[in-house]
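To start, the structure under review is shown below, and the notes come after it.
Naming follows writing order (A, B, C, D, E and F), and every chain is counted from residue 1.
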Amino acid sequence: MELTHFDENGKAVMVDVSGKNVTRRTARAAGKIRVSSGVMNAVLGGSAEKGDVLGAARIAGIMAAKKTSELIPLCHLLPLDSVRISFECDKEAGTISAECTVSNTGKTGVEMEALTGVSVSLLTIYDMCKAIDKRMEIGDIRLIEKHGGKSGDFYA
Amino acid sequence: MELTHFDENGKAVMVDVSGKNVTRRTARAAGKIRVSSGVMNAVLGGSAEKGDVLGAARIAGIMAAKKTSELIPLCHLLPLDSVRISFECDKEAGTISAECTVSNTGKTGVEMEALTGVSVSLLTIYDMCKAIDKRMEIGDIRLIEKHGGKSGDFYA
Amino acid sequence: MELTHFDENGKAVMVDVSGKNVTRRTARAAGKIRVSSGVMNAVLGGSAEKGDVLGAARIAGIMAAKKTSELIPLCHLLPLDSVRISFECDKEAGTISAECTVSNTGKTGVEMEALTGVSVSLLTIYDMCKAIDKRMEIGDIRLIEKHGGKSGDFYA
Amino acid sequence: MELTHFDENGKAVMVDVSGKNVTRRTARAAGKIRVSSGVMNAVLGGSAEKGDVLGAARIAGIMAAKKTSELIPLCHLLPLDSVRISFECDKEAGTISAECTVSNTGKTGVEMEALTGVSVSLLTIYDMCKAIDKRMEIGDIRLIEKHGGKSGDFYA
Amino acid sequence: MELTHFDENGKAVMVDVSGKNVTRRTARAAGKIRVSSGVMNAVLGGSAEKGDVLGAARIAGIMAAKKTSELIPLCHLLPLDSVRISFECDKEAGTISAECTVSNTGKTGVEMEALTGVSVSLLTIYDMCKAIDKRMEIGDIRLIEKHGGKSGDFYA
Amino acid sequence: MELTHFDENGKAVMVDVSGKNVTRRTARAAGKIRVSSGVMNAVLGGSAEKGDVLGAARIAGIMAAKKTSELIPLCHLLPLDSVRISFECDKEAGTISAECTVSNTGKTGVEMEALTGVSVSLLTIYDMCKAIDKRMEIGDIRLIEKHGGKSGDFYA
């Protein structure tokens, strides 16, 4: 098993995908942020503005997924077919989960786009709630599933 | 306790910092990625290319810290005084830890920059090693300490 | 009266502001989009998602205000103190008005940031509603007021 | 008629275009800026540098069209085949009109790119002339025609 | 022979490539930076950090190649298949040479991407070594070879 | 003499400038592109559009100077006070020279901004003329002078 992002001399490269097939590919990633009850109440709060934190985090995550190749040095720029982000607030557990599903039609897959979408949406929640509590913790960021391409289906 | 990123009507705003003092501010954030032994060996591998994964991840994290206000919708653009990222590989635990320290001289602090630097450096490790194993998991992303500004010192 | 963005040979320059005073400056710009009743109903619609179009447009406008110097060739990069965008839906008139208020503490003002914030938030409304009607029209984009700096107060 | 940029729960998504056909698509948008005679004279002025304001505005509009997906949250990144911007100065009416024509070969069209190109080129004219007069007004931004794709031809 | 980036009225355009064939295209560009022996020793220095200057310059060049269409006004955005940058240090001559090879599958070629990758990697070396010597000089930036597309093979 | 962009363990850092004085700083850089007589004639051509190549290259260089910290990994983001780019066509020598002067008021200088402005303006000339001749060569990119800051005046 080898790192593919390096050439025969161990130098970083953006790997050549020119020989790969153009196929439909999808990836789904997830993560969560652990928040205090004060933050959870503010996010879920019974006012008209309910949902604005998550609404902003969703937009931020979608825009970040599109920016992945600018952030991750050796990622290919991939025109995306779709990006979708959903959140789930678990009041008991004190966690907000984020899930990002991305698809494209191309020569390489969109795992990094899905993971970046999740990460930036969770960072946005942190930013918007940090005046209440700075002890939030972001974790469990991982690939859930992936389809298409030579390596085939992947399930976590 | 209130969300500061919303106005009196519950609409998202980039909060007004014009009345705040220009002071030196620092923030330190951390996080880690859980990797298989195959990935750990590749990262630590005894060859000339040793360190290249972490070298690229460090550059990516520093560049991302500078891009924070482009990623997090309501973050202020802050010219940074310094950005520093370090990694620690724990072969036993199967984890690579990242720490990002940022400082600025301004009206608002750099927590988000430090957290973004950590997140993107860990995502870069994922990207460079995902050909070996896609089951890596990123977590424990949190603020460790913060100094300067009206809210004073913070320690996790 | 002369164009300031050109040097003595008529060549475009980013004008030298080094001799100008650092002062607090604000600018407020406005604009509107004329929409069909179908679009207006969708934007105002009585469902849970009410406000999502305007919520996304607000985030887009704030982020664009921060990006102004990347879009307008001779604009200075200005760290902004605040950005605020508000909308008003006039069902009778069939218009959605946007207003963007920006402030900074610097050597030059933020008119372009306010105008850019308005423009991009209106373009975002267009984008999100264009499946219903492509005949929307964006107009009345103008500076409403401006304070601070050598040229003093301006009111439209 | 429904807003397509939302999923079944009313959450914003970047809509899935994976099932759409790759076809040649074009869009043409227009807009104008109302200027004082002082500004008009400066833009048209009888010197060698004549045209520099419009030249810079053209470049800005072309570059902005390419940046559309970074500005408009739910826009797909679309590699463009062509971008063309033209201006027409009407001294009588006191207006400078801009028109932007964009084409691509892809699964979704380029209306937003054409509208963004027009908007940013007009904002650039504002920026370069605002030392003479800040009362310029940008308006009449609209889609003129559109071809290709499932929805077929559109004429304003 | 004519400049293709202008229309029939001499106005800048992003040229229409919609009628061109999608083919595999590659370009290789090179350049060098002349450095003092102090800089050369620091870059080549016998310590663990050996190679870090070139490692950072390589990452910077790869990322810049992906950003070419944001920098060069009339360049098309091209999803790249591969980017590869190599360096060669000639201690005698006091030069560090950089070479950048880029490939894509598209309607227009990647000369500008290769040249931009070389330029930014050399600028990064300058930046990282300028505390030692500011008299470094960057030159010999040129296209070495190019394949694919209607104009066929090119060799310098 | 040491590389300042590395910490005590040889790891890349964005160096801490927080202790440095805020002073006015300027830098001037230059470079040139060697062109065929066909290219020179097209650039200088006796038509109304004369100057458009250089006009576009000037805008590109100014915008690139503002983007320097996004391109050069360890560069600080510096709000610039001014950017100015000039060209000189030497028909005999077959060269077009570019010069970029940048100033800021900050804790670190703008050499990299001036060098980046020169490089990108020359790359833009290459791009706009490459249909005529691909054998153009960019060189002599160097810092000409620099003022302000602890290291004082520098003249090449």
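The rule is short, and it goes like this: a residue touches a chain if its C-beta (ideal position, glycine included) is under 8 Å from a C-beta of that chain, and two chains touch if they have at least 3 such contacts.
Nothing here was measured: the structure is a model prediction, and the numbers come from that model.
Participant: Shared touching chains for chain A and chain D?
Facilitator: Touching chain A as well as chain D, we find C, E.
Participant: Please pick, from A-B, D-E or A-C, the pair whose interface repeats that of A-D, with more than half of the contact pairs identical by residue number.
Facilitator: Match found for A-D within A-B, D-E or A-C: D-E.
Participant: Taking mean CA positions as centres, which chain lies farthest from chain C?
Facilitator: It is E.
Participant: Chain B to chain E: how many Å between their CA centres?
Facilitator: Measuring from centre to centre gives 30 Å for this pair.
Participant: With chain centres taken as the means of their Cα atoms, state the distance from chain C to chain F in Å.
Facilitator: Inter-chain centre distance comes to 31 Å.
Participant: Take the average of all CA coordinates in chain C, do the same for chain D, and state the distance between these two points in whole angstrom.
Facilitator: Computed from C-alpha means, the inter-chain centre distance equals 15 Å.
Participant: Can you list the chain C residues in contact with two or more other chains?
Facilitator: Residue numbers touching two or more other chains: 11-12, 52, 55-56, 59-60, 63, 67, 70, 73-74, 77, 79.
Participant: Looking at the whole structure, which two-chain pairs count as touching?
Facilitator: Pairwise, the chains that meet the contact rule are A-B, A-C, A-D, A-E, B-C, B-E, B-F, C-D, C-F, D-E, D-F, E-F.
Participant: Taking the touch rule as given, give the residues of chain D at its contact with chain A in the complex, in rising order.
Facilitator: Within the complex, chain D touches chain A at residues 7, 11-18, 69-70, 73-74, 76-79, 106-107.
Participant: Looking at the complex, which residues from chain D come into contact with chain E?
Facilitator: The contact residues of chain D facing chain E are 24, 55, 58-59, 62-63, 66-67, 77, 79-86, 103-105.
Participant: Which stretch or stretches of chain F touch chain E in the complex?
Facilitator: 1-6, 9-12, 31, 38, 42, 47-49, 52-53, 56, 59-60, 63-64, 67, 70-75, 111-112, 115-116, 119-120, 123-124, 126-132, 134-143, 146, 154, 156
Participant: Would you mind writing out the residues of chain A in touch with chain C in their complex?
Facilitator: 52, 55-56, 59-60, 63
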